[in-house]
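Across the two complexes that follow, subunit A remains constant while its partner is subunit B and subsequently subunit C.
What follows is the complex of A and B.
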């Protein structure tokens, strides 16, 4: 299917055609894929991330999960040890291979947060993966927090279970609407087992003064592919405060398209990527300042071992009307092996004249003096390295205000790091 | 007589922008248990290099000689093994570890050393109790435990943090590398008291310093003068006072 001249999305389009009835959104996605296929590396936005691991797979769209798949998913859910963090009783929506799994979910109080099935509809979100999501769209959850309500915490758990030949692919499409002055803290965890492709889209709409905290833990199975897209629109005085931690999957890309459309809005797209072996992870963001006096903040840290490769593409667009913009972007990489690689592409497109935008990037190895200091105090070299890696990540993870959520990510980092160190 | 440290004809070099630069050119030194020795000498004489070579820093290459630590071949050991065996280096310029909490760092170090010595590890509560008691004894505010290691510490606080580490790790041999540099008299006294409190038949120390001042507070059993990578003169505490009065020039000229 990965013909050089043919359309590299042909097998996805065949799956689309076979499904028969289709929404306008789905047709729009299919039309985009028919026109250009999935992007190759000659497309600027995909210069550093090669989708051939995806196009080379024999794919299917995941069926509603069987009892056996649900049992595996339940095992994965237990593996997250939510109780350890006091999260076992917190409202959660569980999706298995892109399908809602009510038996594993715990619905929130409807007065605080309403959950409905969201059919795949609306406009096509930007980016090739969103087009693929639309083409094979499964719909998902539509969440709404009423005006002025603090809905507390919600877990969104997406579990992938791959089995048999080829790769099942999941294309859930979730929506979150926060009415004026409301708040929600969303913790999204992606995990799984076997070979599968998780390609979710999340649409976020934040009305005036609404605040969404969106923390993602991408801890997919080692063989899995994770390709996700977030589109967020933030109205006056609202904030989309996000953190994305990439630990798993052999190929991952998280794409964020965030627009501040009202005065004084704020967007944070922070993250960390901790990779090893042949892993490849990409954090790509496009942040658009469309109104005056908005802030955007980005701190992204990468810790790269083995032959892993991390990509950070951060574009900030400041439209002419967006005076008094404050933009900050920082990308740092700790390279723990000679074969690891970081590709960083900051892009600032500024059309307003009264703005403050800064960006920076650093890449380096562990500091020998720090390592020696720890070792001279009796700390074995493996442990000393782990301490310094955690310290490097600390100021990124420290951007997560909520202690419980931060604890979940810190523990995931520790577990991931311990797993790697014991492989050495 | 048994010794804790025996340095024999030690030679070491550093790679200085691609060319070998010999720094230690045959150091001989014996420190028996329970004794405090001071090494004095002008800048560039190799004093700090000696401390780094003894603690196992990688930038220095030993090109000759031996160092015995008790019965062990010190030069064959990793830095962490040296620490576990009871060697401690108080750094001239303590390293900052942003993002590493001082209490966690101290506990990790103490437990690593305890583990290596076959002693049970301390849990967080037991450790904090011990650390607070040491802080109190040394006159160190225990707020220092909550900060990132050495980050934003004044020069004096960094040195006091070194002394705190030393007290907690209970070495049998401590090297203090210019610990007095940049200290006011109060900080100097705290550092000196920290060392004096450890003085015991099974504790020895090597104090590297420029000035006689610290040696007023920690009175050494022996004083050695280092110049151009060798020890050129050894004597009692009076040698330090003589140097303070006369400077190094005469001694160096004599040795040449």
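What follows is the complex of A and C.
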């Protein structure tokens, strides 16, 4: 196919070549792209998500932000009203178009959490977007929490600012290492302005008994593309507890590859996608049980209006050694418009016999009886719908333990919902 | 057929020599030259005395096939197939045109006797041993209180050797004959429906089948007719290095109903043989087709040597309002299975059902499931798939439920359960759910587990032996599917599931 229209990653490869000397990781990424280009829909993992909106763009790699860009970014930051959300004074790392913005950041106590600028290195994370990230890798923050320390909360803000004719693309590569018995609660927020492509990679390594809570709020600009990859490896007794909320972007895909490599590890990959208009969002996860007696949990909810389309692809792999695995996966979709579409592919791949794995999926409209119940009690239809949608999402959002973090997401959902309802 | 149900025991027992349908019959055969090209297709078409349009259709399919790539997305692995290293036509030599069963080569009849297939039109109910053969002559009506009769079409390699009860069926207006005969006798029906559900270039194996299909069954049930007996086809691969490419076409006109069973076996050989069939079902307004399969192709030996590659395309079109198509399958044989019996639910309020038990053992690989495409308003579908993996086998459920924009009020319910026996096998579930209509409702549930210690303990505590307990639990596990089989098969299948899993837990 490439012979006909050339490699669809050609302009990214050209950007790579222009940058000259690069790391082994960058070369590995470029080699992957040179070989097959960016995936088309005939690649099984991309069956439901079309990358042509990305390949059709005239792209550049974002330069270090100018004063004007930083000013815009600061405006976006203020707009998030973090102080009002109980996050005043919480350490935060701000990246603008993939570049660290120290002037907007608030560094954590180095004894609890060390932060270093680090080039992208190591092995190539799975997935096409990680390959693209590696090809144009910008490096990012390397975080480390020492053994036994509870580092509390950290905000990771990635702000995109599009300007000019083409699309700036950001390819930050962050790493988090939690030493044995340590904890961190990470709230990642992606927002922006204009047309840009945010393609971050986050590598997470959790040593024995370490716990990371990772909550993501993806509220990118309406024109933006958001393509992110998380690779997490969890050792014995550790836990990676994540939640990803997708509200923004024209095209979004969040890919999670989580591996439990030690006994008794736990992974949660929960999420919600609330879409409208022509939005397309995709949550794809591969959860691998590589050790006995591990648990994985996944609840993903989708609320779809307009002509939006949500994709959920969740794969759970239980390797032969992973006896006593307990896996659970649930994906539900609420279709609020006759033009919305949900595509779901929950997948179990199981090689151990003493396991308990189940998955479920449902898709349908709001329950007429429930609507009737509310309306018969005098609740206007718009409000009744809002109540039912919130209740539907509450099952998922309720999985976030930290009240402050959950509050941020709930408010974001409400704001997004109000925005849509007022458009109608 | 009766023997078929005992499959699982054969599969389960590590010694594959217990596959008791594995004998080979030395019958004088006529082959087309080895390999696949236009000449092969012209020869098949000429042997079948086919009209020009069908040859043209075959050649078009062959051309399409040449441009297609073998699908690789299924979770099965096998060495590349050399499509030129096989015979595409193998027929027992025979005197021209046997007019009745008496003229059929006695050696062939002996084969079917050995397989337990009632070609002599005895009112033997498949699966019931010792049933007194109430000698039936051709025109005998099924009497009151008599055991139900089964009409059988027996396909031996590339040709149909006999079809029973045709006269009784004709009286009811039902056409049941080999498809090669239907092409000659009822060309207008065949031309109208052949390829209308599975187009010639639908997929790689369907295109191959369309190019070289040799025989299979044709069923036509006219308006308002309820087919008076179960119809059945028994497929037998016998010749070496041949592929079997049968084609089945079943049409139920408005208000008609028919229940159809198929069974299959093959000799034990060290090489793999290809079976690429196409089955098309068409149901008009208020028609009902029930299609049951007991698939017992040779699964290969304990080391994974030999066995049939079963790459089959089965699809039913619910064209009419309130039409109903139901697929029930018990899959125990074949080295590799690649099969997704599907329903296109076009007519308003039409219903599709898929009930499946797939058992794999040793080195078998099965990638099977269904597709339910909801097009019409108020369409409903139910999927119940049970997968049992043992030995070093891999078994995958792969299914698609698609709600099209016009499928208002459509419903689907899917339940997939997997049971693993032993820690060297794999069980996988890959459902695809696509919903484009807000009023359509889709529900999917899947579980994977082993036989729980609690269940075993409960049974053992009440005095059941280990084997009986396993049998009871497995039967319970498969109950939702087995109850969909015609009763006699269900009884047999239950017994056999139990026998088959002896010694696999403990």
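Throughout what follows, the second predicted complex is superposed on the first by the 420 of 424 C-alpha atoms of A that agree within 3 Å, B and C clash if a C-alpha of one lies under 4 Å from a C-alpha of the other, contacts with A are read in each partner's own complex, and residues count from 1 in each chain.
In this text, a residue touches a chain if its C-beta (ideal position, glycine included) is under 8 Å from a C-beta of that chain, and two chains touch if they have at least 3 such contacts.
Not measured: the values here are computed from a predicted model.
**Q** What is the contact status of A:44 with respect to subunit B (first) and subunit C (second): first, second, both, or neither?
**A** second
**Q** Kindly classify A:146 by the partners it touches after superposition: subunit B alone (first), subunit C alone (second), both, or neither?
**A** So A:146 meets neither subunit B nor subunit C here.
**Q** Given the touch rule stated above, what does A:119 touch, subunit B (first), subunit C (second), both, or neither?
**A** Neither partner.
**Q** Touch check for A:381: first (subunit B), second (subunit C), both, or neither?
**A** After superposition on chain A, A:381 lies in contact with subunit B alone.
**Q** Contact-wise, after the overlay, does A:392 reach subunit B, subunit C, both or neither (first, second, both, neither)?
**A** The answer is first: A:392 touches subunit B but not subunit C.
**Q** For A:359, select first, second, both or neither according to whether it touches subunit B, subunit C, the two together, or no partner.
**A** After superposing on A, A:359 lies in contact with subunit C but is clear of subunit B.
**Q** Considering only the touch criterion stated at the top, classify A:407 as touching first (subunit B), second (subunit C), both, or neither.
**A** After superposing on A, A:407 lies clear of both subunit B and subunit C.
**Q** Could you look at A:53 and tell me whether it touches subunit B, subunit C, both or neither (first, second, both, neither)?
**A** neither
**Q** Please determine whether it is subunit B or subunit C that touches the greater number of subunit A residues.
**A** C
**Q** Please identify the positions on subunit A that touch both subunit B and subunit C, taking each partner from its own complex.
**A** Correct list for subunit A: none, the interfaces share no residue.
**Q** Could you pull out which subunit A residues touch subunit B in their complex?
**A** Touching subunit B: residues 368-370, 372-381, 383-384, 387-388, 390-395 of subunit A.
**Q** Could you list, by residue number, the parts of subunit C that touch subunit A in their complex?
**A** Touch residues, subunit C against subunit A: 73, 403, 405, 418, 420-450.
**Q** If you look only at subunit B, which of its residues touch subunit A in the complex?
**A** 55-59, 78-80, 82-84, 88-89, 91, 94-95, 97-100, 105, 108-109, 112-113, 116, 165, 169
**Q** Enumerate the contact residues on subunit A facing subunit C in the complex.
**A** 44, 320, 323, 333, 335-365
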